[in-house]
Amino acid sequence: MAYLQLQGIEKEFGNVRVIRGIDLEIKQGEFIVFVGPSGCGKSTLLRLIAGLEETDGGKLMLDGRDITDQPSSKRDLAMVFQSYALYPHMSVFENMSFALKLAKVDEAVIEEKVGRAAKILNLTDYLQRTPKELSGGQRQRVAIGRAIVRAPKVFLFDEPLSNLDAALRGQTRIEIAKLHRDLGATTIYVTHDQVEAMTLADRVVVLRDGRIEQVGTPLELYDRPANQFVAQFIGTPQMNIVPAKDLQALVNSTALPVQPDGFIGMRPENISLCAPGKGMLNGKVELVEALGAETLIYVSTDSAVQLVARQIERTELVVGSAIGLHIDVDAAHLFDAAGHITRTGAARETLVH
Amino acid sequence: MANLRSERSKRSKYSPALMARTVAAWAVTLLLFFPLGWLMLTAFKTELQAIAVPPLLLFTPTLENFTIVQERSDYMLYAQNSFITSVASTLLGLMLAYPAAYAMAFFKGKHTKNILMWMLSTKMMPAVGALVPVYVMAQSTGLLDSRTALIVVFTLSNLPIMVWMLYSYLKEVPHEILEASRMDGATLWQEFRLVLLPLTLGGLASTGLLCLVLSWNEAFWSLNLSAAKAGTLATLIASYSSPEGLFWSKLSAASLMAIAPIVVFGWFSQKQLVQGLTFGAVK
Amino acid sequence: MRKLLPRLLLTPAVLSLLMWMIVPLVMTIYFSLIRYNLMQPEQTGFAGLENFEYFLTDPSFSVAVVNTLLLLGSVIVITVLLGIAIALLIDSPFPGRGIVRLLLISPFFVMPTVNALLWKHMMMNPIYGVLAQVWKFFGATPIDWLTDFPLGSVVIMVAWQWLPFATLIFMTALQSMNREQLEAARMDGATYLQQLRYLYIPHLGRSVAVVVMIEMIFLLSVFAEIYTTTGGGPGDASTNVAFLIFKQALLNFDAGVASAGALFAVLLANIAAAFLIRMVGKNLDK
């Protein structure tokens, strides 16, 4: 039984249909990530679930109750805003206890709950400070603490890490994952960062232009993208997608079952380099990015096709070196002219110890 | 060697250029402030000292003028009227302006800007344009020379500026904080009382202060709509236009008492003045 | 409900302002077209454009218009020029700057009637006034300001009161100047005069426009100073349009003519306001 159910959700701003018919079922305790490019509607969808915007169509069900027409204050949801939205005139303790005070909860109970949440988030020493006196990371934890204290039915996160610097982001990401494991709460998390999506989610919802492109576990989306958009959105660097026409020789020599006006998708790790003439394609090195744990090599083939190859080893290649390319065609994804998947490539092997 | 020395003097805290500027600035300031300063001095002189020729700069100050003016019951009446009309019109104005500013700041529609501009434009019309009808209306409703008429007129005169200023303060409250309170379960009233009001208290105070200053100094309507009963201090002072007998130091004392608090308030509302009276065109 | 609430909240303010605007306007238009004397309210009758004709052909009218424009122009010129000069002078820090600022803006908060009497009795009295003393000190005969230069005296009073406003505006505008631009100009060898001409003045252009427009709007209705000091005289030498209307309404009790005059004053104000509204509107969009 779905804990949170979206049926045919619609939203318009003026004449623009921002959300076009979203159907989604979320199970209790799941960590769902909404991901997508700017303007795809992921934040809007989150705000619709929160009740901060009114839907123009469709139904919203939570734990068996129809909450479509309920105001935010009655939905029993908690939201962590991108800008944290802490009450500047209240102390950390007051921020975290606000909702409970409104619900007329007994003071002793409030103290206990806030104390517990503060301990989990390492905020006990800061309970009397005001948001002004806190660092960005601390403010973020207060925002999370505010949500935890309420023990809501669903946690909503709106790009909570985007205002943090890179180091803090990685750290906080791990803490959020741990929190979810410990509390087991149903969570909807919005981000544009696919690394966060891949690492935090039980299931990922990829959105584009107000529509769901695909829903699945992170690895499902990586190994079995439903279309070109998802294939290129998930995975860094982006999957190489080339029109079949531009790789005609390759298609013929390997008898790839791709439509003549279709596309071939190759992940950088499925492209390896060899000596010129010894591979399926020939080309010249355009750029080398040595990242330490892996090396990315950008190649321009003789027929002017741009490809990125990835290898774990270091390289001696420089810009301008002539090079040959070997493509693992079994792992290639094939798309039709409209971008739908026609053949999914073989996934990577799983290492069993 | 010589270069270093001149460099040092340019970098020193009291370079000649700075001193010249300081002297010039102070000279201009004292010159411009002189009339007010003279008023302040005269208030503490006796009447004879006040008309002394040549004018006295050094004298033993006396407080007798202030006590004399205080004892005159009609001065207290006028002061009371000034106080009541200013405070009442400020409170009334805030009560009318805050909801309107709230609506425009948080429920921005396509007419919001037009309404705001229209409100400002009502302030730009000269008061004299409404003199006859307002006077006639006041006369026919028996409200001539009444505090009520003054309060109504002051409120309406200052309302556009108050709406505008409260609007600009309310706009700066981040929406997300209010949304957070809604998620926390606050009703609209709780959202207002527990979150919005505390956050905008400063803006409310500044706007109120400005309105207080404007109402207190208001002369046009005071002179035309009030006389013996509801007259404000502006009216009282105006009646000294051609008096008989010695009165200068008393007039100074009365004037000083009438303007001192407002000048001080004015010092605190400089920024609001700029924003309010230029309708936001200068920030 | 969502649409209803904001409308409800706006209603009291909008309604009151609407009435404040429309009711007097309609009444003024009505009065301007009838014969209406406040001392004899029973005698009314349609007057057509008679009131307008009377008002406009009154010899005092052209004098009043000229006086209004003179007053307006002089005060604006004085406050803008002096205001910019003072603002430039105190732009960079110096000892006592805070107090200087407070002293400089004080005159603006003085009640207009106090302002008027302060000048009339303290400064301009030809026997005991400070200005008279200063004149005598230099061996000249003191000037009887209010009798010999009635309009000029009013100009002095009003300019003294509004100079702080202009100065404050220009001070605020100068604070927002791009410091790096000034430093670059200085490194390029620009003298102070050159900096003035190419950097400061253009930047101040906008605030000068604002000051001029605001002062136009408020100075059109200068009243208290004239009422308290010269009473419009001698004759009508210091009568402006606002005072003329007042004279017709509350001294001659001719509401009809006064209303005709009022419409004229409103027209004048509208022209000034139109420009200001456009500028404010552009600002609101930012």
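Labels A, B and C are assigned to the chains in the order they are written; within every chain, residues are numbered from 1.
The rule is simple: contacts are C-beta pairs under 8 Å (C-beta built on N, C-alpha and C of every residue); 3 or more make two chains touch, one makes a residue touch a chain.
Note that this is a predicted model, so its numbers are computed, not measured.
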| item | value |
| --- | --- |
| Touch-based graph of the chains, sorted into line, ring, star, complete or other | line |
| Chain whose Cα mean lies nearest the overall Cα mean | B |
| Averaged-CA centre spacing for the pair subunit B and subunit A, given as whole angstrom | 56 |
| Inter-chain centre distance, subunit A versus subunit C - centres from mean C-alpha coordinates, in Å | 61 |
| For subunit B paired with subunit C, centre-to-centre distance based on mean C-alpha positions, whole Å | 16 |
| Touching two or more other chains - residues of subunit B | none |
| Multi-partner residues of subunit C (each touching 2 or more other chains) | 2 |
| Subunit A partner contacts - residues on subunit B that touch it in the complex | 174, 176-177, 179-187, 190, 194-195, 198-199 |
| In the complex with subunit B, residue positions of subunit C that touch it | 2, 5-7, 9-10, 12-14, 16-17, 20-21, 23-25, 27-28, 31, 38, 86, 89-90, 92, 94-97, 100-114, 116-123, 127-128, 130, 133, 137, 160, 163, 165, 168-169, 172-173, 176, 206-207, 210, 214, 217, 220-221, 223-224, 227-229, 231, 241-242, 245-246, 249-250, 255, 258-259, 262-263, 265-266, 268-270, 272-273, 276-277, 279-281, 283-285 |
| For the subunit B and subunit C complex, residues of the former touching the latter | 18, 21-22, 24-26, 28-30, 32-36, 38-39, 42, 50-51, 53-55, 96-97, 99-100, 102-104, 106-107, 109, 113, 115-117, 119-122, 124-137, 139, 155-156, 159-160, 163, 188, 213, 216-217, 219-220, 223-224, 233-235, 237-238, 240-241, 248, 251-252, 255, 258-259, 262-263, 265-267, 270, 273-274, 277-283 |
| Touching residues (chain side subunit A, partner subunit B) in the complex | 50-52, 71-74, 77-79, 81-83, 85-89, 98-99, 102-103, 146, 150 |
